[in-house]
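The structures come next, written out as structure tokens.
Next come two complexes, and both contain chain A; in the first it sits with chain B, in the second with chain C.
After this line comes the complex of A and B, so read on.
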């Protein structure tokens, strides 16, 4: 608390550095900087549609980011949110195609539960492999991403393929497997509410319950847990299950809220961005929400910049990378600033 | 062969060596002399300062005071490189070999041999072979180090020193990892080395070895060198007394209330991971309200004993009962529920969540306790009240209970563990080195707590390498050596300390001597 001012200044300087980098990069592409920046701003705040678009992007980032951070609390490094998201998407598609006549009040909760279980199982397998055999989850969760993508590809060529369509896409799902639009005229769907509710539930689970304590303790000092009779393996498995489940829900929301059918490439790497979201959010549920909105803003804005001024949206990835680097090195870069304030306070 | 005509020639002399770590003496006024062609044993208990002294000699530490003379001239070793240049070599307790290289490559590692970088490997191997023949030190230059046994690796380490033509070889606890046969072989090599005019310092805590191989012995205790004598002028008993020291002033233990029933029964617990020998088993009983002290030099199975009782290790016992309840095949959690408290000797690793505050550290024990939760939701108010009570009762100094316990002093961390482990009247307390690293005040507090629970009727297993602690607290004392109990004695003011010392050093008073030597 004593170095709050120094902290704040250091964050502001990182943001400033990000903006300067952005202007430099736009300059290199040879486009008008003012056009580009106004395009960026319009993209995120130009209309109710553009504001809503930020939250549409943030929804899967919040859910997958929550998943990664829950696992990380227990020392389980989940790089597999991407694959888990796809498993959730496959599940809702299959359920909606199998039971098109169920009322929404039954089908939607069923899809959410199914998506949670599918994503959970997808992460549970690497979890069991780690807990029981000590196999690194980092490799396994990445490999499970490839397997999941492969499964989606195969299903879209076969059982889930819409026979009336030339492309590998599923048939459009029934309306009862859809999330309602919150603001008419935008794409903002109630998935954002599901994401926020999940964040609140995870916060309660992690910080207010006995199970949450055990999940955290296993991440902090597995050896002490062993000596106190807390099963390390069991809690790694639980945590991996919850983690994958949240990513699975993200997949369900993407289908139910946006695409309404399964296609390849529904996720532009949300599962990988989730790791950055968790990192920036400090593995805290509400920090994750903020980080997800921040990254979504950057992405939506740069896409709009691309449309308005023909500046490649890849710039957003470069800036994101640079900002993450600076945040991680913040304490070293701004050591003097932070320490000085500490002395004064 | 022996050339004893020349008068004694001092090769190395260390005078008045001082070294402090964090304000505590590791070496205080230490004197040491090594004659040319002689084997000097440096004898002392763990933590007596032997290794510190040798690390100073080898240039790993700089002394705070004192002088080192080598061939009569004062020297200063800034790093092991300087020591090696003066032909001093050291074999560490943990070997420094590269497992993926072969023996010959390991021996010449760091040397610029003839033809470097295109080393003439054949010439190197010939030299190794001739050294090998000369000292009876059998090594195969072509063998991969990863394929060698511990004893063979040790020979490679010694060969490394000989290849560099060391005049003084320092061996840190060389027999700790060897079988009896390998030890005999090693001693044979050491004798040949000394006959050849090389000197050896043998760091050890095993008295029989000193009698067997050394020419001179220097005993260290509590960071000081106590005495240096020729081996012909001492016997095992007197060495044991020098090593353990003063007639210990035993703290008054309150009398036992009465003889009660057996509390904890342990029968034939096998402490060896791969149970090759049936002989290495431990059996004892602890009555309710009794403290059983386990004495012994560290690393003789103490940790394994404690962890097997807790269920952290899965060593097999024929019988393990706590007040009639069978504990075998029960999980750590079940055993703790049965009333076992555990004070580990490594509190950072085994007992604390260093990055968390008091609440999470308390929850390590109480996470299942219904008193502090409703349907799985923690009752933080109740927990905080409890924590504040415990902080007061145990006089823990902490600015805020939410502060990560990493920032507490060792004594306060230990009090936190006691306040957690000892509440709710434990039935069996397993205390490993409970006062390690604590100052006098905290030490007294811990001992008082143990005695209080003794009078409340708990069984207490006190495991400590600190003999004084064992003597001042225990009702009975068992000595653990190589996973076996060497003897059980009733503690009293006139207990035979020499005998305990000898048992700690591996002399068995239950079995005849031949048996231990043959393993």
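After this line comes the complex of A and C, so read on.
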């Protein structure tokens, strides 16, 4: 019998511990806690710009987090979302620079498709290696992150480099390869809509189709699948492809909606955060959206706290890490609470 | 002729310097993985080692206290990983990644608190280079391999110690048993949990030492994200070297070589993007994984928490 109350209390305690940790850390810096907290609140809810900023930050997290959770479902641990995101970003840059005269209605879908394929292929290779040869994907996907970063660096110094710029950046892309701004005066672009649509599609795919059922089955019990004629390898390959493709779309949205040109370091570790997003979201598409918004809130808020009260924004990584660690230990820490309730229920 | 030989010797010495932290961390990680605990948090261990060794050396002015505290900090981080993965049976990959976030935030936070935002990085003492007695006198080889600092000599020593333990002592068999078949080891009266905790602690100690190499031997200062992904590269050396101490040393040297070539080219102003060389070790790692497929050397219980009454 599942015990909802004990679970809920334990989660609330962890959130509370996170908040206490935050206040403690602010206290250590010697700054006024009320100043810092009001800076935090203003950063996430002070104006339409700041609210929009949270969603801007959440967009790539939703997409990469969705990708990681799809892969998780079939037992593929994808730590390579970072590299896949960069491959998507490279693809849109190359396409937009190659076909600057195409109308938006053709170019943008082309870029999204290209980004999906590029990210997908980047994750497909470790996927095939795992499915066909049994090579652990954990190390391979990390390797592919570094290789992707290297490729971006090489391209930005050679073919994609803007000849008029001293630094390794690409030329600014045409407007037809841009996502429109949703609310004037903010940076919120339609990438968030793409992310939500992707979440709905993935939800349908995973929970409403037979392919989704097979993907989940492969993740839960590969041996049973083998015995009942579901090809384990094939489904790992499919899910790794979808997973990488979503990360690739995240890269496309970052370029088309935010940067409008390829630079090194467009992703401050979204690919690694994505794993935490997927974990906090319980590998459920709508949970992923919530988790991504939560993490984005924490990050945007702490950046604003840094500006307002001089509290280092590194605080957000500490709290995030600590919360995940507590979640991992939850069943042991709150053993009494969860077990006792179970007996009563 | 002698000029060329001298250049080669200097070049080899540079490779050794690059390879030292990777080997140290790799040896620890390989030990931990042999007993079945995969720690993706090497980066976190190294960062905390680098930070605490720097700050202690800065305050006391004694590099050996710094090294000691670096190792201690590494052990604390690895200890958290061990408790979560062994006692709470959590997913080792996720705990490792979360620790990386935690450590990155913690070290930059504490550094900013102590030193504030400034453009001038505070400096600390570094360990001196010295010629190893007798061996350092060998022409060329002495210059390449035996004119280094204490970290490098420690690394040589540790490679042999681990080699000896794995191949020649009963301990080696015990560690392998715990990694390959924990319930059999348990039946034979080996305390699986204690062995795994021990391996995690050694991993933390060596990872912390590797971290303090950056601050105390290479740079003499600390900055945010000083390890810059070296922890993940240490994981590569473990895979490339197939968890064998000599293999780890060789693969770390290979990665060091790619690094050294890259620096050399940059100083020579050759118009090839430096990334073309820096990605070579990663591509090599992928190919090594590819060609070693099928005859996997992974311990069978790698990444799986051990539960006594679970069959």
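Just so we're on the same page, the second predicted complex is superposed on the first by the 336 of 345 C-alpha atoms of A that agree within 3 Å, B and C clash if a C-alpha of one lies under 4 Å from a C-alpha of the other, contacts with A are read in each partner's own complex, and residues count from 1 in each chain.
Note that in this section contacts are C-beta pairs under 8 Å (C-beta built on N, C-alpha and C of every residue); 3 or more make two chains touch, one makes a residue touch a chain.
What you see is a predicted model; the values in this text were computed from it and never measured.
Following the overlay on chain A, a side-by-side fit with no clash is recorded for the pair chain B and chain C. Contacts of A:150 after superposition: chain C is touched, whereas chain B is not reached. With both complexes superposed, C is the one of chain B and chain C in contact with more chain A residues.
In the superposed model, A:223 lies in contact with chain B only, and not with chain C. When the two structures are aligned on the shared chain, A:210 is found in touch with chain B, with no touch to chain C. Of the two partner chains, chain C is the only one that A:79 touches; chain B does not reach it. By the document's definition of touching, of the two partners only chain C reaches A:134; chain B does not. When both complexes are overlaid on chain A, the residue A:320 reaches chain C alone and has no touch with chain B.
Superposition on chain A places chain B within reach of chain C only down to 5 Å, the least C-alpha distance between them. Interface residues of chain A facing chain C in the complex, by the touch rule stated above, are 25, 28-29, 77, 79, 129, 133-136, 138-140, 142-144, 146-147, 149-151, 153-154, 157-158, 272-273, 275-276, 279, 312, 314-322, 324-325, 328-329, 331-332. By the touch criterion given at the top, residues 310, 312, 331-337, 342, 344, 349-356, 360, 363-365, 367-368, 373, 376-378, 380 of chain B touch chain A in their complex. Residues of chain A that touch chain B in their complex: 204, 208-211, 213-214, 216-217, 220-221, 223-231. Of all residues in chain C, only 38, 40, 80, 83-84, 87-88, 90-91, 93-95, 97-106, 108-109, 112-113, 224, 229, 232, 235-236, 239, 273-276, 278-279, 282-283, 285-286, 289-290, 293-294, 296, 298 touch chain A in the complex they form.
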